[in-house]
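There are two complexes below, and they share chain A, which is joined by chain B in the first and by chain C in the second.
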Partner chain A sequence: MAAQAQAIGVSKPAGLSRKDLFVTLGILLIGAILLLLGGFSTEAGDSSTFTDQVLGTLFSLPSRATLYTLGSICFFVAGLRLFRGARSIRGLLNWTIALVSAFAFLVWITSGTSLNLPGMLQATLVAATPLTLGAMCGVLCERSGIINIAIEGMMLWGAFSAVAFASIFDSLWMGLVAAGLMGGLMAALHAVLSIKYKVDQIISGTVINILAAGGTRFLNIRLLEPAGLSTPGSFPIIRIPVLSEIPIIGPLLFANQPIVFIMLILLLAVNYVVFATPWGLRMRACGEHPRAADTVGVHVNRMRYISVTVAGLIAGIGGAYFSLGMIGTFEDGMTRGQGFVALAAMIFGNWNPIGAFLAALLFGFADALQVKMQIIKPLLPFIHQPIPPEFLQMAPYILTIIVVAGVVGRSMAPAAEGKPYEKQ
Partner chain B sequence: MAEQEKRPGLIRRIGAQPLWVRMLLFVALIVIVAPFSKWLILLLLLAIGLWPVTLLLGLAGLAVASIWRGGWPWMKDWLRRRLRGLVVPALSVVTALIIGGLVIMFTDQAVFQAMQEGGILEGIRLAFANLATAYKALYEGSLGNPRAIVEALGQVGGEEGLGPLLRVVRGPSDSLVQSVPYIFAGLAVALGFRAGLFNIGAEGQIGIGWLVAVVVGYSLTGLPAVVHLPLAILAGAVAGGLWAAIAGFLKARTGAHEVITTIMLNYVTFRLSAWLLCGPLELTQGTCRTQEIAESAYLPWFLERPVTIHWGFVLALIAAVLTGWFLFRTTWGFELRTVGANPSAARYGGMRVGKTFVLAMFLSGCLAGLAGVSQGLGITRNIALGFQAGYGFDSIALALLGKSHPVGVVGASLLFGVLRAGAGRMQSVAGVPTEIVQIVQSLVIIFIAAPAIIRAIYRLRKPREEELEVAVFSRGWGA
Partner chain C sequence: MKKWIFVTLVVLLAASMVLAGCGATPEPEVEPTATQPAAQPTEPTAPEATEPPAAGALKVGMVSDVGGIDDASFNQNTWEGLQRAQEELGIQAQFIESQAQADYEKNITEFAEQDYDLVFTVGFLLNDATAKMAPEYPDVYFAGIDQWYDPAIPNAVAITFNVDEAAFPIGYLAAGWAVLQDPDDPQIGYVAGMQIPPVEQFIVAYEAGAAYYNEQKGTDVQVKGVYVGDFEAPDQGKIQGQSLIDEGVDIIFGVGGKTGNGGIAAAKENGLWGIGVDVDQYFTLPNEKDILITSCMKRLDNAVFGVTEALVNGEFPAGGIYVGTLENGGVGLAPYHDFEGEIPAELDAEVQAIVQGIIAGEIGTGWPVQ
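Here is the complex of A and B:
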């Protein structure tokens, strides 16, 4: 598909490919929505006020004018896309549109009220944490050539065993370790099935997802609840002295749950290992051209075992975030499809940890916005009814579909993905 | 063999007729059989309840038939041909049940307590006793109690009429009722597999089909059942199909992987139905359920309560036949299978791969929608919040177990129907959560997908090359 799109692009350099047209239309649509929201869903004199807990009011914008401006920017960018000259900054423009629309929706929902902006950013980072961890799991698996749709299942097992072992050992940190190990164990199962037994990797992943949904429920009802082991509590917020005193950035980055810190550290570490070490180069070779890697002496399957298992470890920690990081107990199916959203973040981030983190921030923002909107209850344009919370909850999922549909053709997946490797 | 060519069998001769003749014959068959359906179904339920007797009768029949065809060697050959493909699936199920049994045994609080108080042996004894109770409940909940059935047969014709008999065949009936949505959903996933599509969204499509069928069922009144019922069924099926076609369209147009889009559509369905059922469609405040459908939209039951088996079962079997006919006897079915086997070759051969993706997803969604329809019009007769029963996710296992062939899917669905019906009873009698079925199912998928594990455990011979049929689904995210 991607190759085909490229071929079309080469043969008809002057015209726009159909996909380009879709994206441009999408941007036009966003612009139109912003203008409509500005015109019909805000009052003339309303302003959107952004505050901070410590500093008080940060800045205040007239809602309607801001929405009009941002909507116009969307139209302008859509116009730019029609000219070939803008091709070099196209990626930048896409991100600009993402940021502009995110900010515009913020302005819209806060019209007439005020919003704690750093709080919102904090909520975004927090919601992006499990997504980033899941997406890193995906990056490690897929860069080595194994498709992993079992991130959801690994996270669910992680969430479950975090609660179980945190209660048994009466230590949250033991729970975190157990979550990682359990995720790693599931990933090892995935690796054995797909490498040793050459099971289709999608099926193998689905098995782990079903096993996670059924197994965690079963064990929760049968073991945790009767034994009273289901409420270990949640991690406290750690404040790094001095650094957390910095206004705005301090509370955002340096006063968080330990899992958020772990995520940030792992993000840098994984990025370094995958892209800057010989080991990472070999691993990526296994995902792109295993035969070539084998020829120069890389043990392809060993490499895949290692990276899939390590990936599962990371996903397990991400799962622990749902139980120990948020509500301090286990609920059935508590990962609510976030593993798949993480997968979409990975694709959006072009199989790159930092890119995945940025994408996860976008999804996290949609999540945080959704929670915020349930409190503020903005009105729908024209009919002036509050938006039902269910529709807001749909937003991250629909966003995932849009991202996967809009981005997947242009992003480059590792070439040898999904194919078992057989030494010749 | 030479004899057979001279005198083709009845089925062959009917198969050679034009399509409309076959359709007419089929309708005539249904019309003729319909008045006796009650007794036929009762006979079927009894045959399931007393399956050892049925099996012996079947073998005896086969032995009689073999007399004209060459005796024991023919019969042996016939059995071997039929059963060889079943060895690995059967052993997979058995192994999964054994492992499931171990899980039940060693996750029991009472067993832990007994181990602490009376030592390990005492604990293990209790564990086995509990497992026996659990699996006995599983059996009786799904296949009935044979002794009770024989006793009830003796009472037929007494003052209660069929009453005692109905009570004892409840287990087999529950199994068949549970297998109805399984057949539909399993066919849906199998059809997708044949086209190289992995439809994990059956759960959502079931919900959409259910919802639409129920809404059509109660919002239209005054129609005769002949019009209303087919209309409701069709509406549910098409709604499920269109919902799934979104994923097919996105895949055809943009290459978005259907695994992600269908799962995301599932979550959208759940939120959408939560809003509809607790909002605009709610009958009384706070119940989160719709009103009951009109009687003209009921899928009729064959017998009275508690035997709830309904016409959906027949519909499911018809759907299986039609799916098989579509896949293996029509041009579109051929295109669909070609695309599934090798999209590049299909494209090179002039087939429109994108169109096939959309069509396959649509049909797959129709079948999944029918699963919801059969539940909505046949069992619950309304739709309430929390309707998701996991049929959609289980259906993946069904399609794998049935090797994406309609006959296999029906067989696997019956098996899963039995497991599910039994699991309900196991939960109420032995306190084992029904989720054990999910664990067993995932083990079954593992063993079916990796037959090498089963072969290693039971030291089976390696299969010959032509029997190794590997379906490939994952082609990365782009294709």
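Here is the complex of A and C:
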């Protein structure tokens, strides 16, 4: 990110680019809003208390003073951005502002009351889990050169198979394995269609999505429910001994349902394999320049088959999150478009697993924030009314647009994705 | 080879369409009907002898909302009422499941074009579609559940429920339970679907019931809740229910299809309590039934049966409304089930007294909001 910002700075040595100007004005606006909120929407003696389930009160800040301070920081940063010397740290400054404004917002909604901060971070992590798994599926497919818009369908099959097989074997873990295998199977179908038969990859993906919607629904109504196989129950919270006792981060990171742990482990593993192993290098070569990869002896199509199938396994596990992870039953269309949001997280994260994870965390955080705002119902300054829930539900998407346009730079797709490879 | 793959794709697509629509298309000719009056004119059982001769031929259709016929909630409950009508009144019932909001008008047309006598449209979200299509088919009767027509439509009846009458005593009960379980910081919560009037009707009365408890007992039970904005998102419901619990909520009222069920699942995971909605969810949530203290029931089945019966008897209130109340059994509280012995007799007696007070019109539920 910093490197990109630098590159822009070098290419346009004179003055500010239009984008920089907008971002600077945006930061000034955020600062002004914070000062306004501090001045008109908090009482002089109010404090914002952040609590924890175990520890009780974590810390308490005077609301008005904190908002004034954070607002001033925004003005300072906006000024700093205008200096040429600060160009190289612009990316860093942008992220600082993002964090400052998020925290300031929390201080505002909590003024005069309390908020469970670790609980909110936990909700963020849980909500980010299926998105990250879906996005990793996308990364593995697209880095190897196959477009996969069927993440949604693979997750739905995963959610369904998880319930079916968990009930049949009376074991939630078997359900999880079956979810992965089913996702892999669907991905293999996608791979065969797009590699061997060179079907347009968008069409192949669409077919799998529609098949998943209809197929799972049919099998659920006609097979699972009549056979009493539709309520296997959900995964319990697993508490890792000792580690989960650590204050705050213990419950957050080490007391979760297993799919969250699996997601974190897979995240590190996929990132390592794709970017730090020879296999990963070859795989990425297939997505960028398959002919060159072929010339040096990489079996392009075999690579693609393997990547896509493994990707499907991950998406299937992501699907199990919805059924076994959350409510322990299957419902029609229960993935409700999260596969496509995962696709967005992948692009947002620049086809990089860690980036996609951060994007998913942002989506999750925005959602957790709007929930807290519904619970606490902070009053807007001047009109003294709470913000309507419909507006709050929209907020995560507005935030996404702002962040994508303002903070994240241009993203680059693998060059050869979507093109079937033919050996010459 | 290209041709082969094209054929495969076409077959796959066709198969998915068929599977997706499975069980949803009305096929009256294969549907087993309870009676075939033309073929078997005399079944000399007492109730059927009193039926008008054409009753057996009455065709009643139901257009579900997107939740699906097996939603363990209002679509399913409506269908149960129709099945009961099919058995007891000898009508012929059929349903179409709406896959998306865009399907409503198409599905209504489907029934109307096949000369159905009565079409139920299930849910507030079908209000506009019903109001638009009913005048197009003046010979077909329509009955809209959770709907309201202004101006009234001569061939349609709006079925509404005074759910606030049931939600008010439930708010009182929940507050009493929270005080009992967590006397230091009693809080009650709700996880709701979209913020639309039929949902708000539950919430407003639930809050009013808790406020009434505070007023009577001098306590300070707080109500906290969220509108998830979706009826189909159990995963979101669970995460947001967890957020409520993080803020100290002791019992969660799940109001909003599968989303609300997610909220109840969060209560279960934390060893807390839940309250079901629409139907007695003790029977529809096997994983969470042991934490449900009661459910706020909207007896769609009773209402649907009542309206169908009126049609059979030639008393269909066309152009009017049918209101389900505590008094006529259209709404009510489910039994306590596993909490039968645990809800103190005193609290139960107070709740029953409130029910009687509402029926008698002595206690206001806070709905509609002034």
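Just so it is clear, the second predicted complex is superposed on the first by the 281 of 424 C-alpha atoms of A that agree within 3 Å, B and C clash if a C-alpha of one lies under 4 Å from a C-alpha of the other, contacts with A are read in each partner's own complex, and residues count from 1 in each chain.
Simple rule for what comes next: a residue touches a chain if its C-beta (ideal position, glycine included) is under 8 Å from a C-beta of that chain, and two chains touch if they have at least 3 such contacts.
Computed from a predicted structure; not experimentally measured.
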Original post:
Touching A:Ile147 in the superposition: chain B (first), chain C (second), both, neither?
Top reply: first
Original post:
Of the two partner chains, chain B (first) and chain C (second), which one does A:Ile398 touch, if any: first, second, both, or neither?
Top reply: first
**OP:** Have a look at where A:Ile210 lands relative to chain B and chain C in the superposition and call it first, second, both or neither.
**Re:** both
**OP:** Check whether A:Glu417 is in contact with chain B, with chain C, with both or with neither, and answer first, second, both or neither.
**Re:** first
**OP:** Considering only the touch criterion stated at the top, classify A:Leu193 as touching first (chain B), second (chain C), both, or neither.
**Re:** both
Original post:
Taking the superposition as given, does A:Trp95 touch the first partner, chain B, the second, chain C, both, or neither?
Top reply: neither
Subject >> Contacts of A:Leu223 with chain B and chain C, given as first, second, both or neither >> reply: first
Original post:
First (chain B), second (chain C), both or neither: which does A:Phe340 touch?
Top reply: first
Original post:
For A:Ile375, is the partner it touches chain B (first), chain C (second), both, or none of the two (neither)?
Top reply: second
Original post:
Following superposition on chain A, which residues of chain A contact chain B and also contact chain C?
Top reply: 193, 197, 199, 203-204, 207, 210-211, 213-215, 217-218, 221-222, 336, 388, 390, 393
Subject >> Complex contacts: residues of chain B adjacent to chain A >> reply: 103, 107-109, 198, 200, 250, 253-257, 259-261, 263-268, 271-272, 274-275, 279, 393, 396-397, 400, 432-433, 435-439, 441-443, 445-446, 449-450, 452-453, 471-479
Original post:
Which residues of chain A touch chain B in their complex?
Top reply: 1-2, 18-19, 22, 147, 149, 193, 197-204, 206-208, 210-211, 213-215, 217-219, 221-223, 226-227, 336-337, 340, 343-344, 347, 388, 390-391, 393-394, 397-398, 400-401, 404-406, 408-409, 413-415, 417-418
**OP:** Would you mind writing out the residues of chain A in touch with chain C in their complex?
**Re:** 53, 115-116, 119-120, 122-123, 126-127, 130, 193, 197, 199, 203-204, 207, 210-211, 213-215, 217-218, 220-222, 225, 231, 233-234, 236-237, 321-322, 325-329, 331-334, 336, 367-368, 371-372, 374-375, 388-390, 393
Original post:
Which positions of chain C touch chain A when the two form their complex?
Top reply: 1-2, 5, 9, 12-13, 15-23, 68, 70, 195, 224-230, 232-236, 238-240, 242-244, 246-247, 258, 261-262, 265, 269, 286-287
